[in-house]
Each structure stands twice: as structure tokens, then as C-alpha cells.
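Chain naming follows the written order as A, B, C, D and E, and within any one chain the residues start at number 1.
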Amino acid sequence: MTSQYDATAAMEIVNADAPGAACVEDGVLYLEPSEVAGAVQTLRDSEESDLVFLSNLTAVDRELHFEVVYHLQSLDRNHLLQVKARVTDREDPALPSLTGVYHGAHLQEREVYDLFGIRFEGHPDLRRMFLWDGFPGYPLRKDFLQMPGQVRAGLPGFPHESEENAWPVPGSVPQRPQHPNDPQPEGDLVVSEEGEESS
Amino acid sequence: MTDPAGLVSVLGSTLGAWYDFRDLNNLQRLITEWIADWGPDWLASIIAGVLGTLGILGVIGPTLLILIWVERKVIARFQQRYGPNRVGPKGLLQPVADAVKLILKEQLAPRAADKLIFFLPPVLIFVPGVLIWGVLPFGPRMSVADLNVGVLFLLAVSGTTVLVIFMAGWSSNNKYALFGAMRAVAMSISYEVPMVLALLTLVVFSGTMSINGIVQWQQQEDVIFILLFPLSAIAFFFAASAELNRTPADISEAESEIVAGYHTEYSGMRFGLFYAVELGNTLVVSAFIATFFLGGWWLWGLDQWVPSWIILLVKTGAVYFLLIWTRGTLPRLRVDQLMGFCWKALVPATLLFVVVAFVERTLLISEGWDTTVALPVMAVINIALTLGAIVLFARVSRPAPLRRPARIRMAGAQIGGLRAARQVASRTEEPQLQVGGD
Amino acid sequence: MSDFGFHLAFWSLGAMTIGGASMILISRNLIHAVIWLVMSMLGVAGLYLTLSADFIAVVQVLIYVGAISVLMLFAIMLTPRAERDNSQNIKTAGPAGLVVLMVMIATMWVAIDTDWGAVREAALTEQARLIGESLIKHYILPFEIGAVLLTAALVGAIALARQDDEDAAIHAASLQAELEGEGAVDPVDVVDPPIAADASDSEASS
Amino acid sequence: MTIGIEHYLTLGALLFCIGFFIAWSKKNAIGVLIGVELMLNAVNLTLVAFSRFGSAEVALSTQVFVVFIIAVAAAEVAVGLALALVVYRNRQTISVDRTTLLRG
Amino acid sequence: MTTADDTRLAMQGTIEALTTGDGSEPVVVNLGPQHPSTHGVFRLKVTLDGEIVQDAEMRIGYLHRSMEKLAEERTYTQNIPFTDRIDYLAAMSNNLAYCLAAEELLGVEVPPRANAIRVMFAELQRVASHAMANGTFINDCGAWHTPLFHMFRDRERVLDMFEMTCGARLTTNYMRIGGVAFDLPDELLPTLEQFLADMPENIANYEALLLENEILHARARGIGVISPEMAINSSLSGPVLRATGVPWDLRKANPYCGYEDYEFDVPVGEQGDCFDRFLVRMAEVKESLRILRQVVDNLPDGPWLADVPLHARPEPGESYARVESPRGELGFYLVSDGGPAPYRFHCRPPSLINLSALKEMSIGGTLADAIVTLGSIDIVVGEIDR
């Protein structure tokens, strides 16, 4: 059975080599954005953690910051470790590339760059993979709005649910600045007869 | 009273009559004589020529249509499906439907194509396809042109197809077509050598270059050449199938690699011509294989009763089935493997058999052996030589990766990464699946 | 030799040969020139048939049309960037035309005027057998020399065509020169550069 | 009127002159080779004409001579094209008038 | 680009080819989106020197439907039909992987009968997908569709069984969060028994036809070789990884849906070339039949779907569930923020990641080898582009 590798043990390994590079927050290992490559290298090479297989590399747009998630798997010891790295700068998010450590990271990093816009320094061939080069914006970002009238991507509530308790965690959604293609307050865009404005 | 062509007269008076369809030559001879006595003789020769070509086109036309149907049905049967059965009774009209479809399709030409050289190949490829039929002997006196350099004529005409394929590939201004053309040219040039050498053994042994002469020699000696020179037969079969671009040597129109090879840019009836000529060539090549190695229109005396051209068509059908069979089952060889096989295997083998033919021929003549005894002995020797050559080649020429067997082991309990891999690899007991290797 | 069919054959094949040859003169594109050459050679093969030399006709088709023209097309393929126009060199075309014209008039006058003596009616039969025997019996020495010549040509062509590193360096250097637009590079400088050359050029060719 | 030897000889002469003009005036090396081939063909044609119309003992030797000419022509084309290839590699061109290295 | 630029580019190409390569001008050929053997709209820009491949560069994105963005707009149950359009040749495995991830997020307990049915259909899907993979691989080697049609006959029988249970052959949409959508129809088990009875004889025919085939050995042995270390570092998975000798199979390493109860084996190759991948797939089909035999023998009865409220709303958190799909390790990473729809829906595509080593495998071989290597990796473009 693949066991979850203990995050604190991994943190000791990383900190022993590069002090202050890793910290554990509610059971998940977070790495310093600048130290990611070195830390993952030590995790891969150390005999005890032996995380030789990069299973998954993806990113999540937590609206205040980007979160790049790595799932590292040890084949011989059969344990899996989830490592995260926060990128706070939303204008030009950048992170050191893992292509030096794992050859498998080439395509997955290009995908994250293509859909999130996170630049990976040191990646030999960082180009958009799915979309054409002139594509405006990065689709998987929460503020890449497709449907007019939406504050951000995502389903606010079940269709049958009423409006007010649509969002369980009030206050967790920061109000972001007005976006040009938001509907103007005068309501020139009439959504439906009931006139129920969602913004 | 036997007819000069060796036909036994069945009903006494039928011999030589125009309706004796066993030897179609009677018909032609009577018509030309009838014209000759009232009209100018040059008209008679022209009519004879026209009759000959009409006979050939009469044979090619329907057999081509039926062959397309037969090939698709047989390959379908290999692949556990029915093959064409919608158009006409049991799908017989499918080839007609294909032809009509191709005629109606629009004939595109790439904009940057070299117009003159782009439009010539479909016509020019038809010329050698039909010319070759002229030399094929359907019966003792039934061949349009019984040249005494028949074998050389056959090689010369099949040599010109190389040029036409090159023109097609070069002028369609398309990378795949260029690849296809280069491959086709390189391959048919190198496969002409084993073809020439294979036929050389026959010419040397039968002493004549005219194809009818070869068949008559086999009739005289009551032996068919495939028994005497099996390796030449195999070499000629493979070289001819390579010349025709058929699997396992269809690299010049390899669908999976270079889309459709030299006729990628051709559409409509132009592609139809390429396709029809390819099938026509397959038919004529299997007819020649039957003539050279299986005794052509002669079958141990049967040809005096049954019309000779029926025997030839039956043998051609058998060889044609063999060609379909290889096309249906064998995967394709790579370009360099094909070239290697030609120069490293076929050419030395056929050279060996040319020498063997010379030696046996001179022994036969100088010693004056009685052929009824000498030929079977030679046949046995030659068959042994063939098997020896094939086994020797199979052992010598295996490339490195093929020497080691491919093994599949079951991981059992050891699931993991590199360490588990080493443990699985180091296991000593017999692997579950072992394939290849010597 | 006088019936209508023979006349038809001779004049049509003659027209085909001369037409093909003259089209080579006119056509612009080199590939077209080779195609016209093939047509004129087929015409010549037909003329051999009218002269009932069938062995020579078949050998002509086999070797000229089957091999030599394909060899020329290969040469054109292997020189992709050489310009493929088939145009005449105007400076030499003028005087050449005159000389050729005079040679033609002279030979044609000789051909037509002289009396060639008794014309033999019966054509040779069984050419293949006779030529074969004479090659082995009477002309054995030229036959062997011919064999040696062919092998020499074979080995020579391969040795010339094979490209070693030195040629590659010269080829690259001449391309580089053309890219920067300077004049043609003298191969001698590439193979053993003058002493004063800077370091980069020397190890390019070593 | 019957087709005599003069017809074939004039045809051969005509072909020879065209080949000669091509070989002399073409700019491209392969064009020159084409011209040479035409000249050789013309010679072969006249030889076969002699073999057909000439006296008996000359008939065979001319045909053998034609076979030798064809063999030599093939060898000559092979070596000629190999030379053209080498010149192309060094000079990027096989046009005859621009490769004047030996002019000195 | 004007022809002047073309010639300039060609000259640069030649110069660097001359100084490095052996002197003939490199040709760039597009094994473009429309090509008979790229298994869908997948473009490989191949730089060739003569027939030798010097560089192979992938251009993908022709089938990109931005599934991960759409999934954020739909509830967990509405996302299930998306999953079987990601890898349309192994829809059941996709459904299974997504449902496992969602169940992990929602903390749902799956009844034993549902687990057994899931294992049954996952293994049936593996048999059908490997039949497709092996058939097209040999077709790329040039065999004129004959083995392909033989293997398609078996695939048809599996697809008929899918149609019997969930009405669809390819996009099955059969699994739900907490179990499967419908119970097995009555006529399924007899058909499955008949299928299991016929298959060994079919497989014996394939092995007789293909394993000793000298031309297939010549075309596939020693082509597209990759070392175990490079395979693991390039995150290859599935038959491509096992062919190099690494015995890694998620069904054994991280058993889900009760795989630990079934006794089966994991075939492992030795050289890691195209032929070994073909052999591993052939052996895996036999193992899947073994599992199917055991599933049919002790199929538990009881509920086939846990009572999960249709509008279940998971706690904020994330889950990463992985399944051994026919192409390799297929994973779903779901992040929930308490809303009805996943905050982030990511699918780990084994086809795309297996391609990261395509360049190393095909450089040095000929164009024909590159096609055979691409066929042996068994890609599905829907999964690559998502």
C-alpha cells in the first residue's frame, strides 16, 4: 500500500542540507520558491527518502498567490510525498525549473506555463504547449473571465440553491479591482427578465 | 496426325479449323490469310498486329477487374471480414464502381508542380505495363511477339518504369512524394540485378533467350525450372515483388511512413491509372513467374488436351494468390534492410546459381549425359544447395539485437523501482516468455 | 525495305529522335532536357529495330533509358543548389553554330553522295547468339579490357563521390563565404590555411 | 523509293551535329554530358546502318563495336557525373563556364 | 518567408550539418496533423538527414478542449462525462480514477459489489485498449491491417459488453461517485463467460502469427530503446516503463477497489525496446483475463452504489488518486474549497508524460523507426491535449 511520506521527516532532510528552505504547514511540506530545485534534488538523491519518480507537477491559482504542487513518489520504498511552493508575485510569477532534476518535468512545466503563466527559469524550451503563441492571457487563472457578469471562474452555488448562502466561507473572496470587461454598474447588460444581477 | 503445335486432334477434322479455340493462333492465321488474298499484304500485317493487341487487351481488361475483386476478397478473408459485397452480386461490380468513382473525382495538380512532368507519368506508366504482355507466350504459337531476345526485352521494359516513378515523385513538389520516388528508384535499380541473374540461370540452362524457347525446353526435358533452380525462383519472386512495390517491400508507397509515396499528389483517374497498372503488373509478373519457373502453358502432356492458355491462367492464379498472401500477412521491411537483403543475400545467391547452372550445363553437353537421369540428380543437388544457402544466410546475417532472445519475466512479489528491477533481472529460473534469439 | 509500314516507321522514329534532340536545345529546365534525351534515345532504339538489330535495340533501352538517364537524374538531385537552367552560353554559341553547320553539311554531302556499293538484302538473324559467340571467340581481348575499364570506372566514381572531412570543410567554407557575400573561397586556403590565419579558421579545417 | 543507307547516315549526321552543338554550348555540366551521349548515339546509329547494309563480314563486327561503345558510354557517364558532384561540392555550381580554376 | 530566406536558412542548415553531420542538407518533414500513423491530430516536426532522424519536435494542442477550465464550472457528478472523453480508448479507467479522487475528497465508502464491478470493467477496458494498441503498432510496422482486424474482433466483443451494461461503447460514463450507475444486466455474465472461454485460443493464434515473425523482429527489436534509469527520471509509466525492466504497477503497489484480493502477475521486459513493449502488452492481456476469471467467480452481491447525496459538497481540501490505466499511471488531483464544483481539476495524462522521452528514443533511427516508436508508446491525443 503506498504510504504518505511523513512531511516533517522530509523537512529535516531538506533543512539539514539548506537551512530554512522547507517548512510544514498543517501536514504539507512547503518549499522556498528560490530553493525548490536544490531541495527536490536532495529529496531525490537522499537514500532515506529516495523520491526518484516525479508523478505529478501542476499549479493551483489561490487568487492571492500561485501554488505549484509536486507529487514525488519513491518506487522502491513505495511512499508518496506532496510538496508545494508558493509564488506570491502575480504579475510575473517565476520559479526555478525542475528539468535539471527530473527529465519528466519538461512537458509538465511547459503545460503549467501555458495555462498559468508561471515562468520556470532554466527550462530549455519554455513555449506554450497547447495554445498558439499569440493567445491573450492564461486560461486557468481564476481571473481569466469567460462568462460576463462573473466575479471569478467557478460555480458559486448549486443551481437550485438560493443566492445568499451560495458561498460557504464568507469573506474568503477578496474584492479585486474592476476588470474592463465587467458589466458597467449602469447595468447596460440585461442578463434576464427578472433583472437579477449576479455581480 | 498431330498439329505442328503438338495438339492431338480430338474430333479428326477440328485440327486447324478456326473454331479450334485451343490454339487461338489458328483464328488469327486464317483471318490474315483471308485478308491477304484480296487486300494488300501490309493491311494483313496491320490487322494481325491489331488482333494481337486486341487479344491482349481483351485478356487484361476483364482479368484486371476480376483481380481487384479477388484481391480484396482474399485479403478480407485473411482479416476475418467479408470484403466488398454491396455493389452488384457478391460485390463483383465493386471494381467497376471504383473505376467510375475515380473517373468522376476531380484531378488536382499542386500549384508549384512541374506541369509537363506531372501530367506524363500516369500515361507513361501504362506503356511498359502493356508492352510486357506482348512477350508472354500463351501457347506454343500464341504470343504477340516471340522475340528471340524476349528475356532482355522484359528486363528493358521493366527498367523504364523506374524513370516514370521518378518523374511522378519529383514533379509533385511534395516531400513525401520525393521520399517515395527516391526509395522506389533506389530499390528497383538494386533489385534489377538479382532479377537479371535469376533469369540468367534459366537462359544459360535452356540455351535460348526467347521465352517460348524456355517453355519448350521445359516441355522437352519434362522438368519445371522451380525444381532445378529453387533459389532463383525465390530470388525472382522477391525481386519482382520489390519491383512492383508490394509488401513486404512496399516502401515506396508506405502508408504509415510516407503517406502514399510517389502518387501522393495524384487524384482522380490519374491515381486510378497508377492503381490499375500496379495490379496489371502484378498479374503479368505472376504470369511470367508461372512461365519461367512453373512451365508456362505446358503441363506434362495435359496441354495437348486442355487449351494451353487456360493452364497458364491457372498457374498465374496460383502465383497471384501467393503474392496476395505475402501482401496480406507480412509487415514491411525498412529501406536499409531491403537494400541489405538485396545486396547481401539475393545477389550472391543468384550469382552462385549462375555458376552452378554453367557447370551443370557444360557437364550435360560435354559428357552427353542422358537428361532423364542427370536432371533429377541436379535437381536434388540444387535443392540441397538452396536450403544450405538459406540456413547460412539466416545464421550469418542476424543483426545484433536479434541474437539475444526477448524475454518477459513476471515480477511476482517484487514491485518497486530500480532495486526491484535488478532483483527480477537477476532471477535464474526460466523466464515466462522467451522469443527469438539463436 | 520499301513497303508503306517501313516508311511510316522510319520517318516517325526519325522525327522522334531529331525532335527530342532539338527540344533539348530549346528547353529551359534541365530535368526537361533529360526527359527529351530519353525520348530521343527511345527513337534511336526504334531505328535499330527498323534495321533489324533487335539485340542492340533492347540493350540500348536497357542501358541508356534504364540506367544512364536515371544516373543523370540522380546527379541533378544530388546537386540541389546548383542552378538548373539549361541555357546556352551566348558567347560560344555563335562560332559553335557556324562550325557545327559546316561539319553537318560536309558529313551529309559525304553520306548522300558516295556510292556505298552493293546493298545486302538479307539482314542478320539470331543477333544475340552471333554477338555472344564473337565476343567470346574473336573479340575476347577487347571484351576483357572492357571488363577492366568498367570496374575502373565503378571504383573511380565511388572514390570521387565519397565525401571525406576535407571536402566537407571546403564545402562549408564556400557556403559560409557565399552567405557573407564575399567572393568564392579558394579551396587551397581551406585545406591548409596560410600561416597568418587566425586560430578559428585553422581548427575549422583540422 | 526504298529507305537506303543514305537515309540512316544523314539521320546519324544530323543527330551528331545536334549533340555536338549541345555539348559545345550548354552552360551546365550535365547538359554537356547529354550532348556527349547524343553524339555517341549518333555514332551507334551509323554503325548499325553499316551492319545492316554493309557486306556480310562487316555486319557482325560493327554490332560488336556498338556493344563496346554502349559499355564505354555508361562508364564515361558514371565518372563524368561523379566529377560533376565533386565540383559541385567545392564550387556550389556545376556550370561549366564558372569553374575556371585551371585557367591559371 | 521569401525564397531568399529559405535558401539562407538552408545554407545555415547545410553549414552546421557539414561541420557536424556528414554533409547532406537536413530536410524538415512534418508528420503533420493529418498523417495515417500519428494516432490522431498529433504533429511531429522531424528533421531528417537523408533517412536518419536528427531531431523530433512535438507540436500538440490540436485537440485542446481546456477540460480543466470547464470542470471548474460543473459539479462533481457533472464532471464524470468529461473524464471518459479525455482518453476515449480507456473511458472506464478514466471514470474510475476520477471517482476514486472524488470519493477520497467526499470520504465515501464504496460497497464491495461496486468495487468488484469496477475491477471487472477496468480489466475489460485494458483488454480492449491493448488490442487496439498492439494492432496499430503492427500496422505501423507495415502489416496490411491483418493483425489489427483480428484484434478488433476481440475489441468488438468487449465493446458489446459495455453497450449491454451502460448503453455506450466508447464514452461509457458508467461510474458514479460511490459506485457504478447501473447493476449488471442478466445477459452480461454469460457473454463474459463465453468471452473468457474464447480468448485464450485467440491469443494463442496471435502469438503463433506474430511472435516468431522475423520481419517484425527486424523492424521492432533494438528500436526506440530506453534505459530503466532514464525511464524513471522521465516519469514514464505503464507498459513503456515495465518494458525497461522496472516492475512498477499501481494495481500491486497501491491497490485500489480490492485489487489486493485478486491474484495476478506483472509482466516485465528486459531491453526496453519497441518489441518488449509489444510483448509486455500481450502478456498483460493474459493477466487481465486471469483477474476477470477471479472477479466472475466470486462476484459479491449487494448494493452497487453508496447513497451519496446528489448535491454533496466536500470539505475544503484536496485529493490525488491514481489508477493503472492501459497507457500508464493516470492520476486525478482535485482541490475543493467547499463549493459544489472542484476548485482545481487536474488530470495526470500518462500519454503526454510518456512522450517526454520520445525525442531520445527516435534520434539516430530512421523515419520508419520513429513511426514505429511512436506507435509502441501507444498515445491517445485526447489525453495529451485534454
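Throughout what follows, a residue touches a chain if its C-beta (ideal position, glycine included) is under 8 Å from a C-beta of that chain, and two chains touch if they have at least 3 such contacts.
These numbers were taken from a predicted model, which means no experiment stands behind them.
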(message) Does excluding subunit C break the complex into separate pieces, and if so which chains end up together?
(response) A, B, E | D
(request) Could you work out how many touching-chain steps separate subunit B from subunit C at minimum? (result) 1
(message) Applying the document's contact definition, name the chain pair with more C-beta pairs in contact, C-D or A-E.
(response) C-D
(request) Express in whole angstrom the distance between the two chain centres, defined as the mean CA positions of subunit D and subunit E. (result) 63
(message) Measuring centre to centre with CA averages, how many angstrom lie between subunit B and subunit E?
(response) 42
(message) Using mean CA coordinates as chain centres, what's the gap between subunit A and subunit C in Å?
(response) 70
(message) Taking the mean of the CA coordinates per chain, how far is subunit C from subunit E in Å?
(response) 57
(message) Two or more other chains touching the same residue: where does that happen in subunit B?
(response) 415-418, 420
(request) Mark out which residues of subunit E touch at least two other chains, giving numbers and ranges. (result) 232, 246, 248, 253
(request) Please set out, as single numbers or ranges, the residues of subunit C touching at least two other chains. (result) 55, 59, 67, 74, 81, 127, 163, 167, 171, 175, 178
(request) Please give the residue numbers of subunit A that touch subunit E in the complex, ascending. (result) 1-2, 52-56, 58, 60-61, 69, 71, 75, 78, 80, 82, 102-108, 111, 115, 128-132, 139-140, 144, 146, 153-158, 160, 167-169, 172
(request) Quick one: which bits of subunit E touch subunit B in the complex? Just the residue numbers, please. (result) 27, 29, 35-37, 51, 138-146, 148-150, 153, 209, 211-213, 215-219, 221-222, 228-229, 232, 244-249, 252-253, 265-271, 273, 275-276, 279-280, 283, 366-369, 371, 375
(message) Please output the residues of subunit E touching subunit A within their complex, sorted ascending.
(response) 60-61, 64, 66, 68-69, 72-75, 230, 232-236, 246, 248, 253-255, 311, 313, 316, 320, 322, 329, 331, 333, 335, 337-341, 343-344, 346, 348, 352-353, 355-357, 385
(request) Under the touch definition given earlier, write down the residues of subunit C that touch subunit B in their complex. (result) 3-5, 29, 31-32, 35, 38, 54-55, 58-59, 61-62, 65-67, 69-70, 73-74, 77, 126-128
(request) Spell out the part of subunit B that touches subunit A in their complex, as residue ranges. (result) 415-420
